[in-house]
Structures are given as C-alpha cells and as structure tokens.
Amino acid sequence: MSTVENTTPFNGVASSTIVRATIVQASTVYNDTPATLEKAKKYIVEAASNGSKLVVFPEAFIGGYPRGFRFGLAVGVFNEEGRDEFRKYHASAIHVPGPEVEKLAELAGKNNVYLVMGAIEKDGYTLYCTALFFSPQGQFLGKHRKLMPTTLERCIWGQGDGSTIPVYDTPIGKLGAAICWENRMPLYRTALYAKGIELYCAPTADGSKEWQSSMLHIAIEGGCFVLSACQFCLRKDFPDHPDYLFTDWDDNKEHDAIVSQGGSVIISPMGQVLAGPNFESEGLITADLDLGEVARAKLYFDVVGHYSKPDVLSLTVNEHPKKPVTFVSKVEKAEDESNK
Amino acid sequence: MSTVENTTPFNGVASSTIVRATIVQASTVYNDTPATLEKAKKYIVEAASNGSKLVVFPEAFIGGYPRGFRFGLAVGVFNEEGRDEFRKYHASAIHVPGPEVEKLAELAGKNNVYLVMGAIEKDGYTLYCTALFFSPQGQFLGKHRKLMPTTLERCIWGQGDGSTIPVYDTPIGKLGAAICWENRMPLYRTALYAKGIELYCAPTADGSKEWQSSMLHIAIEGGCFVLSACQFCLRKDFPDHPDYLFTDWDDNKEHDAIVSQGGSVIISPMGQVLAGPNFESEGLITADLDLGEVARAKLYFDVVGHYSKPDVLSLTVNEHPKKPVTFVSKVEKAEDESNK
Amino acid sequence: MSTVENTTPFNGVASSTIVRATIVQASTVYNDTPATLEKAKKYIVEAASNGSKLVVFPEAFIGGYPRGFRFGLAVGVFNEEGRDEFRKYHASAIHVPGPEVEKLAELAGKNNVYLVMGAIEKDGYTLYCTALFFSPQGQFLGKHRKLMPTTLERCIWGQGDGSTIPVYDTPIGKLGAAICWENRMPLYRTALYAKGIELYCAPTADGSKEWQSSMLHIAIEGGCFVLSACQFCLRKDFPDHPDYLFTDWDDNKEHDAIVSQGGSVIISPMGQVLAGPNFESEGLITADLDLGEVARAKLYFDVVGHYSKPDVLSLTVNEHPKKPVTFVSKVEKAEDESNK
Amino acid sequence: MSTVENTTPFNGVASSTIVRATIVQASTVYNDTPATLEKAKKYIVEAASNGSKLVVFPEAFIGGYPRGFRFGLAVGVFNEEGRDEFRKYHASAIHVPGPEVEKLAELAGKNNVYLVMGAIEKDGYTLYCTALFFSPQGQFLGKHRKLMPTTLERCIWGQGDGSTIPVYDTPIGKLGAAICWENRMPLYRTALYAKGIELYCAPTADGSKEWQSSMLHIAIEGGCFVLSACQFCLRKDFPDHPDYLFTDWDDNKEHDAIVSQGGSVIISPMGQVLAGPNFESEGLITADLDLGEVARAKLYFDVVGHYSKPDVLSLTVNEHPKKPVTFVSKVEKAEDESNK
Amino acid sequence: MSTVENTTPFNGVASSTIVRATIVQASTVYNDTPATLEKAKKYIVEAASNGSKLVVFPEAFIGGYPRGFRFGLAVGVFNEEGRDEFRKYHASAIHVPGPEVEKLAELAGKNNVYLVMGAIEKDGYTLYCTALFFSPQGQFLGKHRKLMPTTLERCIWGQGDGSTIPVYDTPIGKLGAAICWENRMPLYRTALYAKGIELYCAPTADGSKEWQSSMLHIAIEGGCFVLSACQFCLRKDFPDHPDYLFTDWDDNKEHDAIVSQGGSVIISPMGQVLAGPNFESEGLITADLDLGEVARAKLYFDVVGHYSKPDVLSLTVNEHPKKPVTFVSKVEKAEDESNK
Amino acid sequence: MSTVENTTPFNGVASSTIVRATIVQASTVYNDTPATLEKAKKYIVEAASNGSKLVVFPEAFIGGYPRGFRFGLAVGVFNEEGRDEFRKYHASAIHVPGPEVEKLAELAGKNNVYLVMGAIEKDGYTLYCTALFFSPQGQFLGKHRKLMPTTLERCIWGQGDGSTIPVYDTPIGKLGAAICWENRMPLYRTALYAKGIELYCAPTADGSKEWQSSMLHIAIEGGCFVLSACQFCLRKDFPDHPDYLFTDWDDNKEHDAIVSQGGSVIISPMGQVLAGPNFESEGLITADLDLGEVARAKLYFDVVGHYSKPDVLSLTVNEHPKKPVTFVSKVEKAEDESNK
C-alpha cells in the first residue's frame, strides 16, 4: 500500500508548499444512494473551483450514518421491523469496487482532486464502515475499513482487519484516515504515524465538543494536519421512523432540529485551528495547509522518530487479511469469489 | 468456477426479488437411464410451465440410489452376484461430460430454468455421486462430486476432491449443492457459505424426520434458502433382488410399500418452512423465494461475515484436484486420457 | 486445558455407562448476585439428591441476561441512564477467579457433581459471557468465554479468544460448552468436536422453536449428548425499567408474562429427545445418558474421524491468548496486573 | 521414523547373516481382548524359544477381523443391531499408546524379539486397522495405519495418512509393513521400497491362492523378504450372529468349517518360498532368512535404484499428518487431546 | 510492582465511591532541597486537612525544572560556566532511596495520603526526571523514570527504561504516572491503560493551552481520571543567571513576570473538567472523584478491553531493566535493585 | 496419443462384449528380418482366421532377442568380434517409421486385427527395444520404447523416455504395453493404469515360473486383462557363435534344446488364467476375453480410482521427450517426430 516514490518535491526539498484542502460538512440523502452521489458531485465541483486539491467527506456519507436508529435491537430480542430496516440500509450500501466507486473515481479525475469519501461498503451481507481514496488521475486508490465499530454500530457493521490500513504517498503529502472513534485508539493512530501520515483525515459522526480536544491532541501527537469531517443533519434529513432515539433532542423533534451538529475542523501540526469548527450549517470548510509546518513541529516531538522508545515500547501491526475461509487453489480467483 | 459478475440486480439493488423454485420428488427408473431422462424431462416441463426458474432433483436420480443393496458385500468376503450387480449399476452411470449431460443442458435451455440434477458419474471404473448444474441458456455449468460417501456407499462410490465445490453467481442468487450427509459436514457447509451460497440445494437420500431439523438448522446457520430433494420410491420401483435389506420395511415387501419416503422441503433463511415436507407421494414441491429474506436474516447472524471469528477459527479449503498420477507434458490431453 | 488421562473406564471398556444429568431452567435474581448464588445452591442440592452427576445452568445465570435492555443505545447517540444501567450491570458481574468462583467450586465439591455455570465475568471494565466448569472434587476447572456476542450484546460484552476453548476429559465423558449462538458457528463446533466432546453443554438465552432444530442437528452432527440450558423468566423477575423492549410481549407487560420461555432440552447422539423441552415453568430437566450411544452413533457418522475429509477441508484453531499489550518481563505477574 | 544408525553389520559388511523369523497363523479370541493378548503371549514365547528374532501376527489379530459381518449395512439403510455390533467391536479395539500396547512392548522385551502385531486401534470413535512395531528392548517403536480399507471395511475403519509409513532400520534388517490389500497398491509399496525395506511384513486377511502370486511378485519386485501373516479361523471362533455372510461356506455352517484358511508364507528376495503356505491349521510358520540374498537379488533388479527411471516416473509421498482440525497453540498437548 | 489484591471494594461492589484528590501547583525552591521539602510538607498538610486522600506534585518539584537554562550549550561548543551550573543542579537532586525519600514517606504516612511527587533523581552522575509514589501507610511504593526527555532536557537527564512503569492497585483506584511529554506518547499511555490505570497522574512542565486538549483527550481515551500538575513560577523564584532564555517573556523580565503559568487540572473519565485549570497563582486544585464514572465511561469505549483490536494491533512492553553492564553472578539482585 | 472418443459401446452400455485375442509364441528368424516378417504374416493370418481381433507378439520378435550373446563384453576389455556381432545385430533392426512398419500396418489392415509387435528399432546407431501398435484399419498407431533394459541389454539397447507411453482407446478396450521387466516397475505400471489400460500386453523374454506370479498379480492389481507373449526358441533357431552363454543348458547344447521356453499366458482381471501358459512349443495361445470382467473386478479394487490415496501417494509422469540436443526453431516438429 503506501504507494509512490518518496522523492516528491514536498518530502524532498521542503520549500514551503501550500495545499488548499476542503471538508464537506453535509448530510447523506437517506435511502437514496444515487442522489447522495449527485450531492457529492455538487460539493466536489465547488471545492475544486475554489482551488482545493483535497476534498474530505464525513463518515458514512454514502449509505448514511443511521443516527438514532435502533434496528429494533435489544438484548435477546428480535424484531421484524428491525430486520426490514436493515435490508433497506443494506440496499443503500455499495460494493467496493463497483459502479459507485467508478463514478467517484471519475469525479476525482474530472475535478483534479484527491478525494476521501466515507461510505458504507457491503461484502456479502456484512457491512463495513469504509473510507475510500481517489486520485486526481481518476483512480480508485484503495480503502480503509473501520477496525472497531462503536456501541450499536457493532450490530450492523463488521470489523475491518489489518489489510486495509493504507497511507498513500502523494505529491500533496502522505494521506490516510481514521474513522470516528478509531481516533481514540492509540495503537491504530501509531500505525498511521509509523506510515508517515501528514494529511490525517478523520471522517466522523462525533460532533461533540470533546471531539475538538481529541483532534487538537492528535495534530500535536502525530505532527500532522488533521482534517475532521462530520455530517451536519437536520431532523428532516432523516427518514421517518418510530424506532429512533434522539436522546438529546427528544423534546424537539421538529423538522429543523439539529440531529448532527457537524464541528468539522482543520488543524495544523502545531495545534493551530486553521478552519472551523462549524457547528451551525451544512457547507464547505477550507484552509490552506503550509506543508512546511510538519518539519517545524517535528523538531520538538516526533512520535515514531526521535521521541519513540522502541527498546521499551514496540507495536506490531498484523496486516494479513483475516478470512474465515481460505481457498487454496486458484487463490486470487477464489478470494474474489469469497468476497462477493 | 463460481462464475459471473457480482453486479446482478439481486445483489445490487435488492428490491425484493421473488423466485419460484421447484423440487422434483421422484424415483429413478432403475437400470434404464434413457427412461430416467424421459421422466426428468416430464417434470422439468411441468415445473417450468408453473413458472419455476430453478428445478432441483434428488441425489442419484440418474443412475439410481441403490437403497437396500448390499452388492454381496461383507467384511473380507466376496461374491459373484455382487460383482455382477455392480457391473449393471456401473452401466447405468453416465460420463461427465457425455451425451446424457448434453441432453440435460438442452432441457434446461428449452425450459429456461436453472437445473440441479443428482447423478451417478463414472470416471473409468470408479463411480461418483455427483450434482450437475445447468443454466437457462442451455449450458452445463459444472459439477460437484460428493466428498465422502456414507457407510456402504463407500464400497461403490469414490470420494470427490476440493476441485468441484462450485457456487455459481446467477441472476436468481448464488447456487450450490451439498449432497446427503455432506450436509452434516460443518466444514464443507462453511466452504459453501464462504462462497456466498444463497440457494443451497441438498439432494439427498435421507428421508428421516431428523433430516428436517438439519435442514432448518442449515437455513438459519447459513442464512440461505435450503432446497432439500429426496426420492420418493415404492418397493415396485426397484428391481427384484434377493440381496436387498429394507430394514424398516422387512415385514411389508409388497409392491406398494414405501422404500424412500421423500420429505423434500424448502426453507427460508429465517427458518420458515415454505413448502413440504412431503412424505407421502411422488410430485413437485414448489415455493416462491423472497430473496430479500437473506439480508433480513443476516442482520443478526452472518456465519462467514460479522459473526465469524477468523483470528481464532480459520478454515482452509484445498481446491487442487487430487489425482494419483499426473502426466506432466501435454497436461490437458493426458488428463483426458487418464479419465476415460 | 482439556485434562486428564484418556484411560477412563468410559473410553476404555465402554460397558454401557449410565450418567444422570440435570439442566437447571431458572431465572437470575437480577441485581443481586449473592441471592443468585443461593438460588443456584438450592437447585444443585436438589439435582444431586436425585442422583445427578452433571448440573448445567443457563447462559449468564450469574450476572443475568439483560433481555430487552437497550442500555440507552442507538447508533451515534449516548445516554446517561444507559451508562448508569451499565455500571449496575458491571457491579453484578464476577471476577474469575474470585470469591463467587470459590463458592461455586465448594458447591460442586459438596454435592459431588460436575457443574457448568453461565456467568457474566468482568475483566477490568470489559464484561465477558462465560461458562465456568467445576469438578466433583471441588475444583474450578476453567472457563470458556463466548467468542462472539449477538447484536446488542456486542455493546456490553467483549469477545473471547482461542485460549478458552476447553474440553475436559472426565470419568463421565468429555465435557465442554458452546454458549447461545456460538452453537450456530460451524467452525467453533468443529473445534469442540475435534477435542472429542461427548457432553456438549449449550447454555443459551434462545428459547425459540428453531433452537430445538439446531440442538437436534448438533447432537447428530457431533455424535454427542446435547444439554441445552435456557432461563425461564417472568416479567416480574426483571427490575423495573422504562427502556425495555420485549418485542413479542409488548401487549402483555403484566408481572406473570413470560419473558424467557426456556425450552431446555437433553438430546442423545442419535437425535432422540431424552428430556424436555420445557417451555412452561422454572425447574429441573433430568435424563439418564447411556454413554454407549456415542459409539453406536459414530458407526455411521464421525464428524472429525472417518467422515472428515482433511485433505480438502482443514480448520485451524488459534489458541493463543489475544492481548492488546504484552509485558515481556516477569510475564505472569504482568499478565495478572493487566487483567485486574 | 526409519530409525537407528545404518552401520549395522548386516547393511555394512554383509557377511551372510541368518535371522530366524516366525509368523503366527492364529485366530483372534473374538470380543475378548485380554484373552487375545494371552494367546499372543503363548505364541510369542513359543517362537522365541525356537530362536526366532522376529514374530509377525496377522491383520487385526487384536480387536479381530470381523469376517462375514455386515453391521446391518446396506445402501441408505440403518439398523440398530448393526449399531450395537459396532459398539462391541469398538470396545474390543485398543488405544495407541495405551495399556495393551504397554503389555505387548513388555512381551517383546521379555522374549527378546522384534514383534509386528496387527491391531484395531481406536482414536475417538473412529477405528483404524493398524500394525504395531516393538523392539527386543521392550520399546513400542511406532505404528502403521492402513491407508485404504477394502469394501465393507470402509464402513467401520478410517483411512490412515502419510505420517505413519515407518520403516525401522534394525540390526536384523529394515522392517516395515503393508496391510492386506495395501499390498496391491503399487505406489504404497514403492514408498516402502524407497525407505529400503528388507523385511516386508504383510499382515493380511486374504487367504486366497491369488494372494500367493502377489506375495511372490512383491518379493521379486522389492528384492526383499516377504512375511505374509493371515489368521486361520474356524466357524466356532466367531461369535454367533445371524447377520454373517460367509459366502463360500453358506452351505456348511458347522462349527469346524474353515472361515479363514490362512496361507501364511515366507518368501525370499529371489522368489523362493522358504516356509508355508499353510492352508490347514493354526500354528507357527518359521524360516531362516539369509540376509545376503537381498544383495544377490538386487544385481539384476533394484526397483528404486538402478532399475528406476526417475526422469520419467517420480512418486511423491506426503507424510504430513492429515487432521481436520489443528490447534495452533500448545500444539503437542492439543494434538494429544484431539487424538483421544 | 503494581501491587495489592484485586478484591478492593471499588472494583468489587462498585457502589459509587467518592475520593477527594488535590494537585499542588507550586514552585520549587531553587538550589535549596531542604526548603523545597518543607514547602511540600506545608501543602500536604493543607490538602490532608481538607480531606484529600491523594496529593500530586508537579514534575521536578524536588530538584527543580530549570526552565530557560542553557547550561552554556551550543552545538560543538563547550563552556565552563555551564559545567558549573550542572554541578549545582546535580547537587540539588536526590538519591532514590535516600534520606529525602524517607522523609516523604513519613509525610505521606502522617497525613494519611497517597502521594505522587516529581523529583530529580541522581544515579551516579546521571540525572533522571522521576515520579515517586508513597502510601498512607508511610511506605515508599516505587518510582517511574521518564522514558524520553524533551529537547534540551536530553542534555541533562538520562532516559528511563521499561522496568519502572508501575501502576499500583490501591483502595482508591489504580494509580500511575506519565511525566510531561510522555503524555504525548501513545504507546506509553497504552502500557498504563493495559495495567488498568484509573488515577492517571501527569506531572508536567507544560503550561500551554494545547496541553488542556491533550489532558481531556487522555481522560476520554483512557477512561480514567487525569490529574495534571504543573508548577506556577514567577521570575523571582529562579536564581539570577545571564544565560537564561525566556522566549515569550523577553520584553518583561521583571520579578513578578510569570515564567511557568501552571494550568493544573483534574478531568473525569467522560471528559468533564472537575477542577482547574488554574493559570494564575500558586495553590491547591481539589476535586471529588466519583469512581463510578469509570464503569459508566467504559460502556462506550474501553481502550484495552472491548475496543481494542489485538489481532491487528498489539503492543509489546519490554520491562527488563536496561543496563550497560550486567554482572552475571548477581542477576536476581540486579533486578531487585532496579525495582526499588 | 491415446486416442478415440470415450463413447465406445464397451465403456458405455457394457453389455458383456467378448473379444478373442491371440498370443504368438514363436521365435525370430535370426539375422533375417524379411523372413521374420513372413513368419509374422503366417501367424497373423492364422489368428485372424480363428476370429481373433488382437494379436500380440513377443519382445524383439523383429530383430531378435540375442539370448546368451555377450558381444565380447567384459569390464574394461574390448573385442573386435563383439563389435562385428553388434554390426550384424544393428543391421537386423528396423527404422520406425520405415518399410517394415508399413508392411506390418498392411498386415493388420488386411487381417482386420489390432497388432502389437515386439521389435528392435534403430534410431541412428542406438537400438531400442520397442513395441509397435497397429489398427485393423491398417494404420501404424505408435510405439512404446522400453524404458530400462536389463543387465547386459544395457550394453546394446538405449533407454526410452516418457513420450512413448501410449494407451489407445479402441473399440475392443484400452490397449498398451509393458516390455519384459518393465512389468516389475510399479511406477511404470501405475502410469499405464492411470491411462485406463484394459488390454495389458506384456511382450517379454522372461520364461521363468516366477514370471507367472507377476502376470497374475498385475492382472489383479491393474484390474485388466494381461497378455504375456514370450518367444519359444530352440538351440537351432540361433546362429552359431562361440561366445554364447546358455547358463542352464550348458551341458546340452544340442539343436533341440530349449533356449527360451515361452510360457505365454492370458489372465483375466480377477486373476483367472484363461489360456496358457505354454512352456512346450511354438504356437498360438488364444482366449475369449469377457470385457465385463473389468467392471466386476473394480468393485473391490480400482488401483487409480477408489483404491488410490492421492493425498498421500502421487506419481508424476514426465512425458516430455528427452533429447540431448533440441533445435529451438523446430520445436513442434521435433515433438511430432518423437511420437511416431
């Protein structure tokens, strides 16, 4: 993974390159993946026309983050409406690769941007919360599957494995992603740091104030730019459903009540907030990233470099894919099949 | 094997597709393979005219399941009548490919159905209990050879290997088969699950009540439709032979005594019995399969997806063909020869 | 693990040994672990006085199975009542080893029975759904932690690893356990079969009718006795809580409404139901197990013996403990600490 | 396997060593393994007192060769008497290692002979037809499990794998075994030849005249001494059972009718019959083997040496044990368990 | 190390225990260790009289944090004044164990508090930045040496090793420490989490605003109480010296200028700021810790429990002491010493 | 090679086909190849007029088997007479293809028989001991060159390679050959078995009694008809030569002494001797082969089918022609030639 020669101008000469980056703080069009893709297109075009070279979307933008859904779940209890809800949710998810991925690759190419897109991926009947990466050349670079879902997500999403922890070495810096509370996993972050991440994308569904502290801490800890993208959703963006639980908004289920407040933010390697957080509306958050800041920050603290202590603390990352069944002959073909 | 693009409507959009499927619960015409093919034709035509898109026949429908035969066998004892009985049984078996296979392909094509046919295959002088697969386009898709025969079957049939464990990705769902007590092999079933089986065909000769429990369990375990097809045979369907052992029918050897009671059944992924079991007569068992049930079922349990534990439990399936002798040069040709 | 010499009378001479076994179909005393232990004591004494040598309790008998609880969980939403509910549930769980475990060992010893007990184990702040094993000599033999929780259980319980998959070779047969839907995991079952399980305990919370099919199938597939133990609980056994979801009982929240209907059952290796299922009351389910049935069943089917096909299908079980952090020096002590 | 330094006088200097060898042509005491061991002891003592250094027993001497048994088997039919018959047969089989193996090792040591003993081994509930090897030092050397049972044996015995194909390099020559119709398997014989077998033991249950041709052919083909040991059994040696099929003796079921006629024989590497065949009575067959004959024979034909053609014909022997389930951690212990 | 039985009330019953804790935000008396100890005594007495059970001092409180010192250092240049400055600094440091350590143990005992004290330790002529731990029973529990100093600290302090990473299991919770930018080391924090830390002490010299984000992030990440203690120092607290470099205060070198602004803070496991930060004065920061918050927080996130992913990410902590010279004959003694 | 569709009546319907076959037990006319061909013609006509469809000649019938010749050879010694003797022997050998081959093809066609002829083939100045195959249609089908000559044959004949191991699928069964002690090579025989040989021709020069045992063993092992053809020669059939060594006949060098005693024999797949052995005279040995015997025999033993164990024992046959010099530009042509 982690592609490309490391002799890019940025890494080599380090004359201060400025890269414009944009976060799209917007809501999924629920139960309508084609419309969601259209919405993505609109924002990518707008960001690119502003000169952005990197566009980052929130977690689960494609497929949707089912905030407040319960899928009829309770311990030891099943429920037909919940099953049906899942079938609909499964239907909105996408295959990777697949036609939607091709469309996104085309969008990245046409608009000449790196694109990081949160999506719900389906592999058979198990869903994964995935970040997809695309290049300005219109290529699908690869994906990261969230390793560990949070609370009720565990009932609807599977767990990723170590085979999809990419960091791509691009001309605008080394690019990777941690999704939502993966940002709370110190060992996962360290794996990204060890791959040299410079443009640390954090597609998330956490719009809390505490989240801002974590983002700022990570920028400093990792010595990298942090780009946190969260959906901004109103009550009316969601389908109508009696099973919802909007804890904090229970009293106010009006159409314009805010269900996901965003808080997308861009922070520099030294902990300077460059843009956002925006807690108030759908829209673009844009900043110019001075890539020279990375080196400046690392003089004092380089988490996997001079400030590591490998004789005492060493992390092992198992990147082997984990599959319950392996077909020994015709391996590549068999693997493709077992993934359908 | 396991063919076709994974972008079929069923897997993609998952608007609830309904597929009509039929099991043929009928007896072989013993020692008369052409007549058996004629009988197959009659039922395929009838099922297709009812709108079925999938027709499944029992184990060994072609060639016959020699229930109660002993082939003169006892430990360490040989017997000329038994040898001769085997010669006749061998004569009723078919080559794959061969003229009977061509005829079945033609029948599937003319009637526009997927066809799963149990047959006794001969490869040299070793017989195999095989399931044959055909497409509505009139193609022979391939075969599955039973891996492990049961008790006395082991004296007349060989063992299949890992090279014939197909699951076909078709527009009506992913199609494969487990024959008779292969259905009791948890590792074999898991191999099928890992290939994504949705239409799990179980040609069998087991007409017991316990079999019903296994079928229901498999539907739930695999999250798939189970179509179990068993022959319904009367005493008079069998050739006359003094060596038979019809344990449960010993007192009643009249012509109309039931020798194989059928019990063919169709079950949904959530364990709902959709059609059958029929323990009383020859005939068709038909049900409409709502393919959306698969996703509904997988919300709670996905045996090779979110509910697997591959870091602890991993199955390896060796799909290499196993041959006692391999001819290195002119491989394909040599293989053909060694198979004659 | 999996202890003891293999020269026990049972395995050796196989003169038909009869073993009496009892399932305790009873409800946890919620939020009161000492009272739950007292209740366990009462039933163990009763079973032993009836001559039972093996007593099996349901899943989560100690600590409780929080049926219908939601812990305030929904996707992406948090809730203070739910957090507090978890704190209480955590308080009812037990350390292993710990004082409750010692008490259970003493009970097994005093009553001269093998005891299999479902319990909620706490390891730090992560809970595990565990089966505990005790010998008539008053020893705690070890434990099995459920590998994969089901739906909302995943939000409150962690996942076990391969280091706790014991099968104990005892004078009354080889003893192990699969908890609830682990019984649907074909690879896990196969691991138990490979260790020679003969007394297959299935502590569960699944009281459905489909469960009965799975139990019968497993008895036949594994060629072992299956002892499925499920709690029988009324509405009034549960603490009062507004967040419950008792899907099927929504209309009838009276105190005597059945919330968990039991269905505990004992089945022989040939699929004969020996006792139960009881869907109507709390109580003991007892049967005499003729251990000679195992050999009789295996003549036709031995799932990891003559009916396996290891050249094609081979399962690997990784029994290494999985820990996020390993302390290299003074290993045992460090491990103890990290487990506190 | 194939143990011991190859610097024994026999292999090295080849001054013509004479070794006395004895075959025990006798019947199992059916359903009484302790009595069978006593009978073995009597013959071993007798052979040793005659100066024999090698004693070879027939196939299945311990546990018994159930000639004529049908275990109630017919294709697709089950039978309770047959199951019970199997349970008894299973009870007569022995664990390897185990107390009976220890007793045999002691017998070999006390009588200062190499001992090759046919036995029915039980591993869980699957039986194997096994040859056991013991040294004059009173050690159990190891075993060979029959790879492929014949006809109805396949319903009661499992298949061995490549991990038990030993040839032991002893001071009296290289010692190995092929059981019954394994002697018809040219690839298996070649594996033994390639390990240098000189004392080719053929415990068998085939007492036919054609068998004599095969033994003579093998002696010449392999350039080795062949020692074929077959039971001599009368009707009265067998338990009474209505299910027997003694084809050729059907008319004459008297107590003194011969059921297995023996034909044990010892042949030199050049095809000279040194002792036997005895088709008439229980007893010892003894010959003096001039080990120098091996070299004399190989001048003209050395099947895996100068007369092989490895650029055209090469055999691969897979000696890996085949297990359906492998436990990765604590490997040796786990393997022991899974073998119980 | 990491002592005490795990059967404390807190872990067991979890009735909500409240513990009062105090941070001492105060300055070293530079170049006067006895006076510094007196100052420590004063604050410990005050905190204890307020009911505190835990008192935490800043990094290097004993020995002093030489903020702004340059020790005459520049690349490739030496300087006699700098050497002399180091001699003075070395003189203020303490031996561990030693008389100052005994005095501190006595203070903890008399005031019945757990005490965590930042100190400069001397081991020969190498200095270490160390945290010392004391119990209410008047015992010195042990120490943690900072693993990796920051920038110019590396010229005056050595690096700790893995043998001093204690977490003490106490009746008021599990207690450990990370010093200054060790708090930025994700692998070090994870080692503490794995030992179950609940009272995470962070003696520091970082008084920045970004530090607050890191503390809040750690509380959430670790699910633990964070107690960050930083000195509050004015210009006049420091000895007079021409080589100082007070970057941000260059214009204002008056006596009352703030040189270290404190910012000590106490945060709950769910990210709630319980006391502080105080950026304005020397003094005590006190809060009541509701230990039940730990369980409430872990429901959603348990960094080394249910939210770890050990099959992918595994950290190894080498706790062996690292010594340049090991005397082989005294191994056990050497290990004991490194633990003191 | 090994031609023809597999849809022949014999393999298909298996109504019991009877085929008459004849072995020609006769001597070469030494040093007179045209006369030898005339003699061949006489016997072929006779066999065909008796209804034979298959005629098999002995090893080296054309060119002669130089029994007792020494070609003046001794270790390290050369001899002009021997050279000259070889020149004469080379002159009697034939090219393949060539005029003698055409003549033989014509004979087969005219007499409507399959013909297997032993011949000495010359390829440049290296001779090969070859079996030639001809069809009733008058075609030369191909050849088999003996892989490994025996003792002194190695000084006058070369070694064949894997490119000439044909088995022809003919309407009267699958036809192939093993020459003389190739019949002792278990791997070579297995290659023939794997190609499905049913009519196993064994042209030989071995007239010993032990040979009969090998032939009978092979019939059983291979489940095929064995047709062993050996010359019957008197002293007077040989040219006069002082260098002869007729070991066993040294005392009796009279003209009528038997030098090669024949022993030609035909054996069925179940080991029944159908005709011969004739040890007394030149002449035809004829039998009717009931091809149904093959299936009857395979019920119990199918050496490369159900009785093989390919997961343990697998043979590789390298069929590439072995040539010391390969001309790259003419690859296809070279291969074609080697097959003629």
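Per-chain residue numbering starts at 1, and chain names A, B, C, D, E and F are given in the order in which the chains are listed.
The rule is simple: contacts are C-beta pairs under 8 Å (C-beta built on N, C-alpha and C of every residue); 3 or more make two chains touch, one makes a residue touch a chain.
Because the structure is predicted, anything quoted here is derived from the model rather than measured.
Student: With one step meaning two chains touch, work out the least steps from chain A to chain D.
Tutor: 2
Student: For chain C and chain F, which third chains touch each of them?
Tutor: Chains that touch both chain C and chain F, as defined above, are B, D.
Student: Select the chain at the greatest separation from chain C, using centres from the mean of Cα atoms.
Tutor: It is F whose centre lies farthest from that of chain C.
Student: Of the chain pairs A-E and C-E, which one is connected by the greater count of C-beta contacts?
Tutor: So, comparing the two chain pairs, more contacts are at A-E.
Student: Determine the centre-to-centre distance between chain B and chain E, using the mean Cα coordinates as centres, and give it in whole Å.
Tutor: The computed centroid separation for chain B versus chain E comes out at 70 Å.
Student: Let me have the rounded angstrom distance from the C-alpha centre of chain C over to the C-alpha centre of chain D, please.
Tutor: Once rounded, the distance between the two centres reads 45 Å.
Student: Taking each residue of chain D in turn, which ones touch at least two of the other chains?
Tutor: In chain D, residues 78, 150-151, 155-156, 159, 161, 187, 322, 324 touch at least two other chains, as defined above.
Student: If you look only at chain B, which of its residues touch chain D in the complex?
Tutor: Residue positions touching the partner: 65-70, 72-79, 150-156, 187, 205-206, 244-248, 260, 324.
Student: Would you pull the chain C residues touching chain B in the complex into a rising list?
Tutor: Interface residues on the chain C side: 147-148, 150-151, 159, 161-162, 181, 184-191, 193, 210, 212-214, 216-218, 220-221, 271, 299-301, 303, 307-309, 311-318, 322.
Student: Report the residues of chain B in contact with chain F in the complex, numbered from low to high.
Tutor: Touch list, chain B to chain F: 71, 78, 80, 82-84, 86-87, 90-91, 95, 98-99, 123-126, 155-159, 161, 322-330, 333-334, 337-338, 340.
Student: Enumerate the contact residues on chain E facing chain C in the complex.
Tutor: Those residues of chain E that touch chain C are 1-2, 6-7, 11-15, 162-163, 167, 169, 174, 190-191, 193-196, 223, 292, 294-300, 302, 304-306, 308-311, 313-320.
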